[in-house]
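Below you'll find the structures, each written out as structure tokens.
Okay, so chain A shows up in both of these, paired with chain B first and chain C after.
Moving on to the complex of A and B:
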């Protein structure tokens, strides 16, 4: 009796797969996260000093500013048209130049369109380096080099856009179906002919979609480029901030929001048409 | 002769692409208009390669390596800001983003939450930092808070999009088994979405590393602060060191974090395959 039931239990136990032991891994991950957090929150090591007392003491300052921003002062609008137009022009010019540069560069950076490893690796490495530098750092340095104005802003946008467009488009080429390219090769085409006649038309939708995306990003970025003197509406943001005109500041932010939403809608329609 | 005559009418007519043509001419006009309208002395561009070589040699021919320890210290401060900002931002976005997903939260909760995310997305991080610095001053803590709050805009959006695109089988199973809302989220939703959320969290950290350098411009400390100061003083040999440090650190963090993200996502995929077979 007892023997039979224990036999049945033993059989059942044997049939249920063992619960996977995940706790050591979970513990490891949580431990690493905790240690990193503790290290970054230690001021003695150069980390961040978490000062909750300041929040408890001064939170009304922030609340006041947000309240001020919630009542936008629309009288500043007429002054914003010119810088806003400049921002839009910079965004378009930056996107256009980078779009032109991105075509050959993405062909160079993708494996199917550039089978030669050394040049592909070189292009990818340079582009990784370009992407590693934050946009406003470019702007700061370029303003110091070529002077205040829209030119450093446009160059910054071009560098930034080339980085992302080439990365995303070359990845699209890498993952695309290569049957057409094989057909081109079988027909005796040279690599350039194959790229131009098969790879390029195939990646056209991905390419246009990324260029539109970079245009959207450009409007957002060129809103702050003015903070370092690189032209556009950011100059006005910096000015209003200097005069503590937070009601005017929120008007500008609102204006940028409307423009960005409008561009997003337009590019969504274009993207849908392309598919 | 006859063969040609037969074949010619079969060829389909060239599609009329009037709309496409109008669209492309409009785009061309906008681009040309922007080029012409922009107040840039384009002839200055001719000097640019010379300038680049000139300043490039000033920066990189003899970098002032004695500044390296200070640069690394400031980089660590930036990375700390990025890490704490990512941690706090991801926790907040997960808590706010999951209720904002369709099928989880009710409509009266979803709409205001999504509105909040959209507003935060519209405000540049620098402006958020300007507001926060009235509370916590020009400290790295301000930077971390600005990254956390600024990150909610996009990250919470990614979170609810992830939740909405998750396959619903497990959720239905838990609901059919009589689970309440919390049980459904914990056992139906969380196992499905957690790999992607973890991957997105690491990606948020990568973005923050770049953004923290930007926040340095308004003076909250870190490598961006140092870079602005030395650029304004035109100490190019130090700027060279700082740029090298920024590039090396960012690329290293991207590589490590990218490898972990791939492990997370592909690990999840392999487990999925095992289950179905």
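Moving on to the complex of A and C:
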């Protein structure tokens, strides 16, 4: 018996296919990455100049700034309330407007809710373009177009939010089970009717979750939009930086940190309750 | 049909279908884009008010056949007629109007789980409802009344404001039947309506279909793969095998040999549901 079973084992061992060799490919990928890194860090070959010596040379300067930042000047706080409120208003208004725009756009960008390929592709293309432009570039151009203030900031946030909310919600629609659509079609419904009465409630949790997420991002982004003149607390950050008031700057940074953490906590609680 | 619009609302309001309708399939072939021929030259004539079972194994083409009746699948050859509608020649609005007169229920129920029972049943009013009413979520008194009556007739009225996803399998299928009845259809299609249900619930749903046929006089076409359900609840049986009709006769007297010819193999215990 043992003889027969060990014979069977030997026969099976002979039938195991050779394990594919993957190390040459791994070595190749690692090698290419190493060469690319070396090239981009070598100024003589057109790479960026990374002077690690600058850290040592400017160390006393840096230590001075850090020392200043470690002693926040709280006397600046009263001046921050109004711009901070403006930042929060921009974040909320931007999220609300983009939320309204995102409902139809998400439906048009997803296959189950828009089976017509040309219009779906057109919507997706435009949204890819909108997402490709960095938010500070929008803000800079819009400040030049509509002037300094909260308006260019709000428009920037709307463009940014629509880009991400529509992408994430339409992907959620694409990957969700949509058997209920067949029932709507069988009953003689138009795609618009089916989307409104059944796809909308099915998509609601994903949608609300992404809108809350965009609100979180807005608070962070709108804090720096003021650097290019688009309103909010960024304007104050720019001013304090100009006067080398790093003690006041750290107060503002701490303030933003507290607000961001608070909004994230609130939106996390809301999102958990949705599920 | 379209010239007889008499509804009090403007646009897209079709009158209820009048009386049961016959179903005609004339030399129908369905070849899918991937080359699979699901139906081969099927010709059938189902009289108004008949209760017919279509029996076959999965892959026999019965799902495809039932979907040609309401145009969810358009035949690549031949003609499908339901009452006054030449379904296989209709597109767009005319096809939606025809579908509005043909109710359908599905194996997986195809409900929007996050929407209420009411809104799922309201899907059945799509063809009778102008799009603006659907968009605003304003069902007319007539639509509400029809939905409530349909839910009452399947014993689901007390669950009207429950979420569809919170119901049991049998309750979901009854809501799906109410959705189809809300259409005020002349024909009822059922694609494996009890395959996801336990035996007692399966018998209850089959009894509901039997009652729809007997008391409302609707033409009922139901796909089944279990022989005892076909024998017990239907009057006529059509056997499909590899896309072709291999049996057409009274269901009650169909012998085990007849089923063996349809299945293409000996009858097994799993071909019966039992009590």
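Just so it is clear, the second predicted complex is superposed on the first by the 252 of 275 C-alpha atoms of A that agree within 3 Å, B and C clash if a C-alpha of one lies under 4 Å from a C-alpha of the other, contacts with A are read in each partner's own complex, and residues count from 1 in each chain.
Operating definition for what follows: a residue touches a chain if its C-beta (ideal position, glycine included) is under 8 Å from a C-beta of that chain, and two chains touch if they have at least 3 such contacts.
Quantities reported herein were computed from a predicted structural model and do not represent experimental measurements.
Q: Under the stated touch criterion, which partner chain does A:77 make contact with: chain B (first), chain C (second), both, or neither?
A: neither
Q: After the superposition on A, what does A:148 contact: first (chain B), second (chain C), both or neither?
A: After superposition on chain A, A:148 lies in contact with neither partner.
Q: A:103 in the overlay: touching chain B, chain C, both, or neither? Say first, second, both or neither.
A: Neither partner.
Q: Return first, second, both or neither, reflecting whether A:126 touches chain B, chain C, both chains, or no partner chain.
A: neither
Q: Tell me which partner A:208 touches in the superposition: chain B (first), chain C (second), both or neither.
A: Touch status of A:208: no partner.
Q: Based on the superposed arrangement, let me know which partner A:36 touches: chain B (first), chain C (second), both, or neither?
A: Touch partner of A:36: chain B, not chain C.
Q: Classify the contacts of A:54 with the two partner chains as first (chain B alone), second (chain C alone), both, or neither.
A: In the superposed model, A:54 contacts chain B only, not chain C.
Q: From the superposed pair, tell me which chain A residues show up as contacts to chain B and also as contacts to chain C.
A: none
Q: Under the stated contact criterion, what part of chain A meets chain B in this complex?
A: My answer: residues 33, 36-37, 39-41, 45-51, 54-55, 58-59, 61-62, 64-66, 69, 85-86, 88-90, 92-93, 96, 128-129, 132-137, 140-141, 144-146, 149-151, 154-155, 220, 223-224, 227-228, 237, 241, 249, 253-254, 256-257, 260, 270.
Q: Which residues, counting only chain A, touch chain C once they are in their complex?
A: My answer: residues 179-180, 182-190, 192-194, 196-199, 201-202, 204-205.
Q: Could you list, by residue number, the parts of chain C that touch chain A in their complex?
A: Per the touch definition, chain C meets chain A at residues 70, 72, 96-104, 106, 108, 110-115, 119-120, 122-127, 129, 131, 134-135, 137, 176, 179-180, 183, 189.
Q: Looking at the complex, which residues from chain B come into contact with chain A?
A: 23, 30-31, 33-35, 37-41, 44-45, 47-48, 51-52, 55, 73-74, 76-77, 79-81, 83-84, 87, 122-124, 126-127, 130-132, 134-137, 139-141, 143-144, 210-211, 213-214, 217-218, 224, 227-228, 231-232, 234, 239, 243, 246-247, 250-251, 254
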